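Okay, so chain A shows up in both of these, paired with chain B first and chain C after.
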Partner chain A sequence: MGCGVTKTSEFNRRYDKDGNAIPAAITIKAAVLIQRWYRQYAARMEMRRRYTWNIFQSMEYADLQDQIKLYNFLGYLMDNFTRSSSERKLISHIFRENEVCRDAEWERYFSYTNIDVPDIYCGPRLTFPLDMDQVADLVEAFKNKQQLHSRYVLQLLLETWKLLRVLPNINRVSTCHSKEITICGDLHGQLEDLLLIFYKNGMPSLEKPYVFNGDFVDRGKDSMEILLILFAFLLVYPGNVYLNRGNHEDHIINLRYGFTKEVLSKYKLHGKRILKLLQKIFSWLPLVTVIDQRVLIVHGGVSDTTDLALIARVDRHRYVSALRPPKKKTPSRINVYANSELYHEMINCKNTTGSLTFPKPFGARESFQRRSLQDFSSTMARALEGEFEVRRRQAEFSLSSFSKSHNILSTTLSPDSEPDSSQFTDTSNDEWKQILDLLWSDPMSQDGCIPNEVRGGGCYWGPDVTEDFLNRHNLQLIIRSHECKQDGYEFCHNRKVLTLFSASNYYEVGSNRGAFIRLGPDLVPYFVQYRATSMTRGLSFPQNVKRTEHTALKALRELLFVHKSDLLSAFQEIDKENTGLICLNDWGGAIERVLHLDLPWQVLHPQIVSSTKDGKLNYQGWFHDLALKKPRSEHIEQTMLETLYRHRSTLETIFRIVDTDNSGFITFEDFRQTLKLLSAYLKMEISDEVINELVISTDTNNDGSIDIDEFMEAFRLVDKSRLERGKSLLKLKQDCQSLPLETETPQTADSTAPQMSQCLTSQTADSPASNTADNACSQTANLAASHTEDNPASQTEDLCHISVVVKPQ
Partner chain B sequence: MADKYSADTIITETQKRISNAFDVFDHESNKTVDVREIGTIIRSLGCFPSEADLHDIIAELEEEEPTGFVRYEKFLPTMTKILLERKFRPITEDLLLQAFEVLDQQKKGHLEPEELTKYLTQEGEPFTQEEMDEMLSAAVDPDKNVILYKDFVSMMTFDDTR
Partner chain C sequence: MAPKKVEPKKPEPKKPEPKKEEAPAPAPVPETPKEPELDLKSVPLEFTADQIEEFRDAFTLFDETPTGEMKIRYAQCGDVMRALGHNPTNADVLTVLGKPKAEEMNTKYLDFETFLPMLQHISRTKDQGTFEDFVEGLRVFDKEGNGTVMGAELRHVLATLGEKMTEDEVDRLMAGQEDANGCINYTSFIKHILSG
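Coming up: the complex of A and B.
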């Protein structure tokens, strides 16, 4: 046999006497090669998966900061406007204690008996008391995307409320009878995950007790259905289903994170009452669960002052929202002047921010200043009192009991409270802080206990605090949730703290698994991990990774673009010779400084930078590529839009607060006032003209009110690649006129020419034909729009779809 | 002078890359990574070591008393050397295709999942079941239930991150 020199000559084969190929050296070599190559590929995928996860976590961190911005803004409003001013009235209603009513009156308000259920309704028709069959039907109905009629919703919620009112603060569960207890973490409105858990583990029953550890609602789209299922099971098996309150079981948080919106859109007629009832129900949810007196299950965590005995005694229903301090029935205050030492400490600590040098145990926590939820509410309370009171209270501020001062402040909320010099006692603000700690805290790896400045409430607690807490209460394990984990669960603090998270694909499809655990009498957790797969079905592992990565990068690009002005300044500072180029190292460094996001920029850069020359990047060009749209006008508008965009979630929440009747609409005047306030707070120049334009452009029904959702739609950035694929609303607007660009100075009142000529397009690439924009152009003959993309002379780099519709006189 | 500058820049850029990749796996932000992640980090930086190669590297990196963690100070010089010397070069598309062709002894133009599984989980540096499942999920044509390796190789070697 000749040996032809071919490409594959090295891969000769040998055969045994039966003619079977035996694994020759070359086969092994081939296998090794493939394995070596594939492992490299898998490692690259893993790297991408990891940094995608980092991006999501960083963005969530930044998102939480938004919450603090919100509180600060609200605090600013309360501080700077008098009680009677219209600005304050915009939002102060949300902080007013519920009108004092007896429960019977509330039951009348929540009455469902006059709600008729039409014949065509084919969803479940519940009869009370509920039984297991009905609950199973309910689950089935939701699986089939049906919606429960509001009559039954109210009825179910009322029954739930009645039951919760007799439950203790601390659920006590036992694993006797060799029962295994199933424990689930955050669900966040992801019905699929709950159904998956039931599928894998069976539904709650007498033999199968369940504990649900809070955060049932917000973010996901089926929060209502999850609540209804959980409450239904609670009603049928009150001794076998245990619910803990999470930080998202809070009506003000719900305004920001989507639950309020979901309820109002699913229940247009009765949504408001449902929300009100839920507000009460949330406040009546138990706070923690203890298993066999050995294992604590709580949503957030603990602090160095957490005391279960105290927790057991509180009137938990008085703590309606993290943002509303409680009213105390019996006023009491401390006489600080008698204790000059305290007085001096108080004076010193007033101006310091969270420092760790204060004496324990109340040290650092107590000096948690402006940015905390606790402090915010004290600020708010102060503002409500008036100047004189402020000074008096400040004088009474005690270092060793910051929380006690809350009580002092809150007493003045009740009009007939009289200050007296009674002895110092445990106050409701102490209790409130205890509850905040339970619902908001996160573990950290260092020892100690410091304020949780990321979330604005609760604390970060260390392994030493865990050790101490477990010893003091004779417990052996803390099971908590509150934080998303890639594998659904994670141990820390020497396996004494377990984080359990049950919402899979939380950030994006493929981002993480969910998990639940079973706990038998041996109290050793048995884990089950899963991932809801309806969206990932058919996607291979690499496709999964890429898809998740795409979402993360999109969010990141958005973030980069809205900080363009700051980034540009940073780049220009480095590029002193104005070459327009910057090396990657400097690029990464600048971004890190401006965005405060700790991400591996070197690893990421190929994904967000399309090309470099000699290791240098043309940063103006980069912005151009990143960008979506940019308003054609001056710098100031760019910055204003960037700012508005950056604060859009705060803005949206404020709108929803301002919308007192939860209709989804706010008046012109309120909208205008809100924008003005926000701009003053941000020290941004937003001229009246610009605000007017925004107002006009968003009132597409011309009825003097603005649809909040529609307005917020305008803030969604468009993916440039999609734009280039031609899915642009502008191209659909055949019937709109074009106006030439104008960027002159504002004209006088009697001028007919518009000051700005940009087109309102309030849609995203996802929805090619948005009603608003169509209405804007077709309904009102006077409105005209200019097509930025059609005009070759313009710089077509609009940041977002906020543009302004011209209204020629 | 220009050469030295660019040589220094290359080293700096290289080290920055290494640092970034290391940070992704540094969960406690204390400049250490779990030793089991070293392989992933090295590979993600563009190298194609075999498992045997990795064992050697890790042996070099581990402390006298293995803690299960690798410190950045130790990792950096080793990794810099690997990158600058271009050790563990990439496997070309051609070579990879040849390897698949070798396994396709009957010259069918495709491989059965069971065939490939047998080779890759029994020969060479065997895959774990998980690795095999992952590869199959990307490699198997869902309609024909075989591995069209030519297409697979083309698809996988197209690096869409660059």
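Coming up: the complex of A and C.
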């Protein structure tokens, strides 16, 4: 008591530099002050982390919806344009089933034997059957950034396909030999993560079985390598490596999210065949894995109708793409598409995006009130019979009208000689829904099961559905992936559902950790978390948060910028007296309506708005801060550019669809047609002059064809996520090594780049100083500034700098 | 003698906050120097509508209830207030919460309406601490008067005095601040904390 206190007080006594004792009270006061401030700092950091996460997630989901919408639009086109119309020809191939079907023909088509491997090739030379040493070499080679020769790729893929075909829909694994099973979630082409997992946990072997739960490809830059590694292990240890299909193992999704592009750029000569073979392989991937008949591993999740017995019976390979329902020959009920008036009317109904199986989600949030350039919603049209009817007939209706388009196709194009197509009945639709649910669903906290309108496929399922499902099938745990989690994993539904995500730094360097689990006979998961990039290990938690936040905010500002016209109209509608001012509440509300992003705008506003007066914001001034310089090109006005920029993913996806032979090039005429397609999709006039201007300025090869990548680059519309990742890694490196910072000047870009490219960049040619500003220094300078003030100059530079291109490899 | 002075302050942070005065009340009073019972109902709300929206947004960010009921745990109350720019001590937070027991911190919930008057009350606390206060406070540890303090010493103090921080918290706070000799330049340290 007394002693203790005395001792401690002596211990804590401080002396100043003259040796005088300082009263303990001062010491304590100092301590408390620091502690208070630290706690505030930590709380603010936590808040920023949370809203940054929100931003990334909402933007990701918004983007996903786009893809579905686009696809539905193309379906609409198929139905409405005449068979011979050029638009239809451009895209019809995507609806075509694979023409070549018999095994012998397949083998011939994918023959690799006449592909020569040059002597200078120093990568792995595989001989089949594969063995462990070769696979280890393969992993090593990829670690050293080598690329496997296309001959071996094709050979490996063929062998994989042969194996997958004999696998059941449901993998069954047991832990009974005291083996621990390792389970990994989404990898999304991030090879570093896979290598890190192997490093921490060892590679697959007889003693070390692995389950990989889908989404191996897209977004990351090494999807091909990951696939090759996983398939190689599968071939060597077919009883110990299990692969589940994910929603990204789907060629249509790949068109948009980068895998197609990656393959074509890595394998210029044979990429097309590789992609086709992968299309087949994906459809042959098993759907789920069950461990000890107790634990279910599936990529997305379940719904209230999921039935494993049914799943076991389906012909999974018929479902090449989750976005393409099976063909059906039942007569359609109301062919909405044929009656375009009816169709347009329905489009103009207040509607949020419907999913493919459920055209209109109930309980959807307030739908878009103003439809301007975007939001071609609900192409799986609503029947006008009324909501009730719609819900009753949802699945049937949407599928039947969709399949009508397929019927048209099937009579004109080469018939799919898949044997049982004429036998399809409603069961095929049920099966399709089952598969969709398995691969696309997400858990939610409320009870029940509602359509997943955010993703456009699958459902949201609640804890009661989990309970019911587990009981019916005598299971105890569902392990799934599909959603990124801050810590790499997350339990929900009373710890009966576990989400596992293995791609660290998914949104941005520092955004999240990845995780994998080990499961022993006791079926209790043991978690291992990690973060792949070595550079972030040196960063503290707050630094990680700041970096991620910076990227998220930048993306958000960009989004705001490209919606300027819509936002302006929204503001002006509120500001009826034309004062030029708007209160923050209204500001937030308007943004939410225009962007459809449910974010905490009030909390975010200090980061996006430089100053307010009496709680009101001068919105013209704000745009001015956000705005980029006026375009030099007179023929293309700002709104058009905004539009094209906003829909660049869609534009690129359409390009890739139009590029039927996957060559990476399209002709002038096709390009013209593409833009016309886009204008129909957006219901916005893209005039011939604009198109001509674009065409002329983008044919930099002067050979009458347009390189898709180059076109996108001409717009400075490169794959932003990769660009951002590359840039932030570069900055990290520079931070860590204190290298002199490289300035990116527009002069490095192609000097023959079209004029309009300047539109989206600032006139940085005039002010090179502004470029140097956007580097790590300004990044930290930004952050050091107080919360309520953001440096408008650097905002502008940041936004401009999005558009300046780092030459892609 | 020193022990008498130190005794009431050191072990229980709930007692009279040392930050308020150099010389505490001669007889340590168990209740806080403020009114013994904090009547939140009588606190008038002076926030504007815009501010309330902002608070609501922040509140929602911290809402972890599975169904989004706009409730936070007692333990989160301090964090939300701090995230909104205020600076209560843990003692202050416990006071506005009505001095809950330790186990209640994670089991009892608080909705937005109840939160607002608490926030209002906290926002009235003037004693926020300025940059100079900090510098003064840290100068205490600057043995050589050269603008640096020993990291290890600071860690010790933060973890043992006042409203003690956990080792984790201290690590996070000090991450990247110590130089090769384990010293911290406290002016830049303070800037680092204040820039949040």
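Note that in this section the second predicted complex is superposed on the first by the 568 of 809 C-alpha atoms of A that agree within 3 Å, B and C clash if a C-alpha of one lies under 4 Å from a C-alpha of the other, contacts with A are read in each partner's own complex, and residues count from 1 in each chain.
By our rule, a residue touches a chain if its C-beta (ideal position, glycine included) is under 8 Å from a C-beta of that chain, and two chains touch if they have at least 3 such contacts.
As the structure is a computational prediction, the values presented were derived from the model and not from experiment.
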So, does A:Lys179 touch the first partner chain B, the second partner chain C, both, or neither? neither
Which partner does A:Ala25 reach: the first (chain B), the second (chain C), both, or neither? second
Return the chain, chain B or chain C, that is in touch with more residues of chain A. C
Taking the superposition on A as described, I'd like to know which of chain B and chain C A:Gln446 touches: first, second, both or neither. second
Is A:Lys272 touching anything from chain B or chain C once the two structures are fitted on A? First, second, both or neither. neither
Considering only the touch criterion stated at the top, classify A:Gln607 as touching first (chain B), second (chain C), both, or neither. first
Have a look at where A:Lys208 lands relative to chain B and chain C in the superposition and call it first, second, both or neither. neither
So in the superposed three-chain picture, is A:Lys221 touching just chain B, just chain C, both, or none of them (first/second/both/neither)? neither
Set of chain A residues, in rising order, touched by both chain B and chain C: 8, 13, 23, 26-44, 46-47, 50-51, 54, 445, 540-543, 584-585, 588, 600-603, 615
Spell out the part of chain B that touches chain A in their complex, as residue ranges. 9, 12-13, 16-17, 19-21, 23-25, 28, 39-44, 47-51, 90-91, 95-96, 98-103, 105, 119-120, 123-127, 131, 134-135, 137-138, 142, 156, 160-162
For a test of understanding, state which residues of chain A touch chain B in their complex under the given definition. 7-8, 11, 13, 21, 23, 26-44, 46-48, 50-51, 54, 445, 538, 540-543, 546, 584-585, 588, 600-603, 606-607, 615
Please output the residues of chain A touching chain C within their complex, sorted ascending. 2, 5-6, 8-9, 12-17, 22-47, 50-51, 54, 445-446, 492, 540-543, 583-585, 588, 600-603, 605, 615, 783-784, 786-787
Chain A partner contacts - residues on chain C that touch it in the complex: 2-3, 5-7, 9-10, 17-19, 22-24, 48-50, 53-54, 56-58, 60-62, 66-68, 78-83, 85-90, 129, 133-134, 136-138, 140-145, 157-158, 160-165, 169, 172-173, 175-176, 191, 193-196
